[in-house]
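The data blocks that follow each hold one structure.
What follows is subunit A paired twice: with subunit B in the first complex and subunit C in the second.
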Partner chain A sequence: MDEDNKVTKKQVIETEVPLGTVHSAAIEPYRVRLFVEDEIVKDAEITVGVNHRGVERIMEGLPVEKANSLTEKICGICSNSHIWNSVLVAEKALGIEVPERALYIRIIMEELERLHSHMLYLAHGSEVLGHETFAMRIFYIRETVMELLRMIGGNRVQYGVPIIGGIRPRAELDLMRIQKIKDGMDFVEEKITEFAERFVSDPMVMSRITGVGILKKEDAIRLSATGPTLRATGVDIDLRRDMPEYESFEFNVITQDDGDVKANILVRVLEIPESIKIIRQAIDHLPEGKITNRSWDMEDSPVTNNYIEVPRGKLYHSYSLDDGRVRNVIIRTPSITNIGAMEYACIGYHITDAQLAIVQCDPCFTCTDRAIKIIQI
Partner chain B sequence: MSIADSLIAFIAVIGTLILAFFVSAWLPGIERRFQARIQQRIGPPISTPGIMAPLKFFFKEVINPNSPMPGLYNVLPIIGLIITISLLMITMPQLYVLAAFTSVIALVGLLKVEEIIYMFMGSLSQSVLSLKMPFPDIVKGAKHPGVRRSFVEELSSMRAFRLIAFGSFPIYIAIFVTVAIAKSIYISDIVSYQQIHGPILFSLAGILGAIVFFIGFMILLNEYPFAILKTKADVIEGPLLEYAAKYRAYVYISRGFLIFVLASIFSTLFLGIPPNILSWTILINIAVTLVFTMIMATVSTFSPIFTFKQFYPLVAGVSMIGILAIIASFL
Partner chain C sequence: MSLKSYSRARSVHVMLVYTGGCNGCDIEIVNCIFSPKYDAEQYKIFLTWNPREADVLVVTGPVTKHNEQPLREIYKAIPEPKAVIAAGACALMGGVYKNINGDIPSEEIMGPVDKIIPVDAKVPGCAVRPEDVLAGAVAALPKLLNAK
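Then we have the complex of A and B:
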């Protein structure tokens, strides 16, 4: 054992407590084997693969537009992120210019999705903590964001807003919609501030989340953690800062130093006002003009890839184009790179805190079930 | 005691028990409804958790539990219910003639058995949730192959054991406060003392004792934040995981009844009002039960689940308050 009570050498473990694949604290099917001694977790193993759907395989050979819309089905929480990144790959490969108005609306959608994803995280975390009331309150606030997403995209999940060269005509923002988004952001900002104040001033909640599931900066880097999980350890990395789409927007990258559950929650709570700030900037400076560029030609292209920062971290999409059809698809979601951090974070803590330590990394195992590489079909 | 008196006493005991069952059937519904309103949602119909759900379970097919001794496992909730009924009976004034059986010692003993039952339940249950998956766990180069598997119920059984060791301190200390004040272990003497000197609750020791009793009440009921036997994050339903059909109904009925019984014990020991259907004071028993249910619902709604890290200091702190109450009772 080292000074952090983590297992550093292989040792004999007395008991194993398997949890999952169906478990009340897990909103998705995954399996965790906790190796415990006197209810303290000494080692952990997370297994995914229960929900594998082979989306990449289905995408192979499909026309690029269809393949793009299929990526949206990968995740119910960050569906916009997947289709956006997939569309970006095609636009990058074909050199398509996207109208500025469409870029701004895409940003609004992405940030609204980040809001609802972070709030879902807070609600799920509260449920795992056993604090249903906080979960209910946060779901109540999240409802506003879900309705805004429905207003723009027509659905509460899988909105299908980005298309190659712009956005769907249905997602155009008129004055009424812009006003509704403004009102919604005011409401969310006010309520989330109240929630955050209540949350951090609750001594019982703080005693459950402080100093639990600690992930140090160097461990987080070694284990390839990404997104808010990495930022909660003090690493100042947010891909949005480097994405050309976000060049015109001002926002702060939120980091915390402790790397525990509290730090993870705080990073996401504090990212919510930053997302609201970006949405307000996008609305205030929304350019006039068309929303779709239809003057492009399909060409063959070698494998092209693209990274974007989604609510859980870095999302990677790559594929090549052959006669208008996609080939060699690879998709990597942020949760797969966070699995090492999840396993490590629950070691050394009470078994009741293990799920909390896993949940602090905001896992999305259903989208993670795709770690396959198709070399050539 | 004449035959007529015995008959009246018998009718009173049976009547009180029936009333207790009737009231307790509504308590889980009231608790859930109260929690729901705090959480700004509608919640279940008030009769569902305590009446309709058990009724439904009585008509379901009995599924044999995954247990090394399924018969014993299934009979444990019935034993628990009998113990809970006995707990109520020993506080009834008609049975004070049984002397030692209606003492605080008997009360504590029965409460201990009630706690031990959870330990047995946990160790006799082996649900499918903790089964091994040979392919990913052993074949595919898994970590630590061949490690002894522990069922989640076994985990909650160990927790029940710890609760027996220290978790129930508060309620026993609170009960002992009344003994220290009345200077008798007999419930009849404690009630008589309060009829002369007024309720123990209205003294410093009584107030401190009542606070400690309430914490003990919540621990015994495994209610949030003390629900370590039934933590959703790991052991889920814990010892009760494998109960199905009518046996689950017994579990539900027992819990509702235990709320009423513990509140009645409080009324008896701290207010001097034992449950007796022949007296209007039974209304006070019912009122205390409702107040306890609502306070419990409020506390649990605003609390996360504790782990032992929070549990140990809290129990130690509350027990210290209980000891202060005992010291205050001698002053």
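Then we have the complex of A and C:
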């Protein structure tokens, strides 16, 4: 032990508080080790790997359509993001043009998913704060979005809307559906504004979340945080601005400066009206025409990759195509790059704030368990 | 109805255990309890995270290798009488991850749940719908109420 200390010059902290893998504060199974001194967290370590199911391995050698629908099962919160990105990789590899109408409907799905994901974050955050009433109110608003998703895709969680070359015929929008989406957006906007006003004017909640779990801008960049977690520290970055799919839409990128729990919550609250704005633009300018491009041929292709911005940050998919089958799949989800930020945000705060500091980064550990650790023998 | 079953029917505590699915079922079950639209608390079904005060164990997910032992221990920690609900396609038959009849069967999945602990009610669906979860909870109730 002494020899190790000389090398790393690290202080040995005796008291360790393990949480997990099944713990009351964490819905998902993961393990957090908090090293505390006088109830102040000095170091934290998050261990994942409990959820590992090996989706990439199952995908290996499957026909590309089958593999695409399997990527949806990686995560139940951002399932549309996974299937969309996986389909985009195939379209990029085969050079397929997607009809405008399909592209707009894909964007409507993605933004609806962002709405429900951010609302789930707010509900989960309120529950961790101990404010169950806020959680119930948010679930009430979220139910509208879930019903819209069920109307378009046919399922409340995994909708499976994008297919190679366009979208599934089930997800075509007609006048009745468009009207329902419009009504739903009006309702969500009204209710979420009320909620935000109620939330920021509650002195109890604000004093609990202000100045807790601060992540500095430099640290966030160094730890390669991504998505709203990075935007909450003041970095003005959003991949949607650079994606060709979002070229014809106008929206603002929300940033906050503090990097604490308050900033993280505000970024997500303020992103909800921006998503509603994008959905309204897409509905108003929905082009006429067909929804699927069927004139393409399967070819072999080398490893192709694609990045998109999903509710939690940047998502990466890559695979190669060999005789219509998928090979060499690599998937990197935003939560795995946010783990460093989660560990770092706990340090220096009271042990009761640790769970809040982890939850502020919107972890999704079922997405995270992708990689297989290779041990050298 | 005895006094015991009368009072048991008025405080059913449900514990949710997540064994490595995709989060979809878990959110639907939490949704089913918290969301004012379904609001299982009006039927006196409460969500708890403590196995020692739970009556019903809801298991989601295909049970990965690392989750097998914790699941057994949680099941042991729940006092009698207890009931187990397996929710979702993964908990019932391993879902897509088990890769039944597939090229490469996954070695990570130890499930389905009824191989590991006895299951009293099964809720189908991928992901489960909140209405079905409520129906499953109701189907598991007689076991609790009729116990001595």
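Here are a few things to note about the model shown:
Here is the rule we go by: the second predicted complex is superposed on the first by the 362 of 377 C-alpha atoms of A that agree within 3 Å, B and C clash if a C-alpha of one lies under 4 Å from a C-alpha of the other, contacts with A are read in each partner's own complex, and residues count from 1 in each chain.
The rule we apply is simple: a residue touches a chain if its C-beta (ideal position, glycine included) is under 8 Å from a C-beta of that chain, and two chains touch if they have at least 3 such contacts.
Keep in mind that what you see is a predicted model, and the values were worked out from it rather than measured.
Contacts of A:73 after superposition on the shared chain: subunit C is touched, whereas subunit B is not.
In the superposition on chain A, contact is made by A:61 with subunit C only, not with subunit B. In the superposed pair of complexes, A:24 makes contact with subunit B and with subunit C alike.
Residue contacts after overlaying the shared chain place A:14 against subunit B, while subunit C stays out of touching range.
Residue contacts after overlaying the shared chain place A:39 against subunit B, while subunit C stays out of touching range. In the superposition on chain A, contact of A:171 is made with neither subunit B nor subunit C.
In the superposed pair of complexes, A:123 makes contact with subunit C only, with no contact to subunit B. Legend: residue contacts after superposition of the two complexes on their common chain; A:140 is shown touching both subunit B and subunit C.
When the shared chain is aligned, subunit B comes close enough to touch A:131, but subunit C does not.
The residues of subunit A shared by its contacts with subunit B and with subunit C are 22-25, 49, 127, 132, 136, 140.
Interface of subunit A with subunit C (complex): residues 21-25, 27-29, 49-55, 57-58, 60-62, 70, 73-77, 79, 120, 123, 127, 132, 135-136, 139-140, 142-143, 146, 155-158, 364, 366. By the touch criterion given at the top, residues 16-28, 30-31, 34-37, 49-50, 62, 64-67, 70, 74, 95-97, 99, 102-104, 106-109, 126-127, 129 of subunit C touch subunit A in their complex.
Residues 13-19, 22-25, 31, 33, 35-36, 39, 43, 45, 47, 49, 126-133, 136-137, 140, 202, 204-205, 207-208, 350-356 of subunit A touch subunit B in their complex. Interface residues of subunit B facing subunit A in the complex, by the touch rule stated above, are 35, 38-41, 129-133, 136-137, 142-144, 147-150, 152, 155, 158, 224-225, 227-228, 231-234, 236, 301-310.
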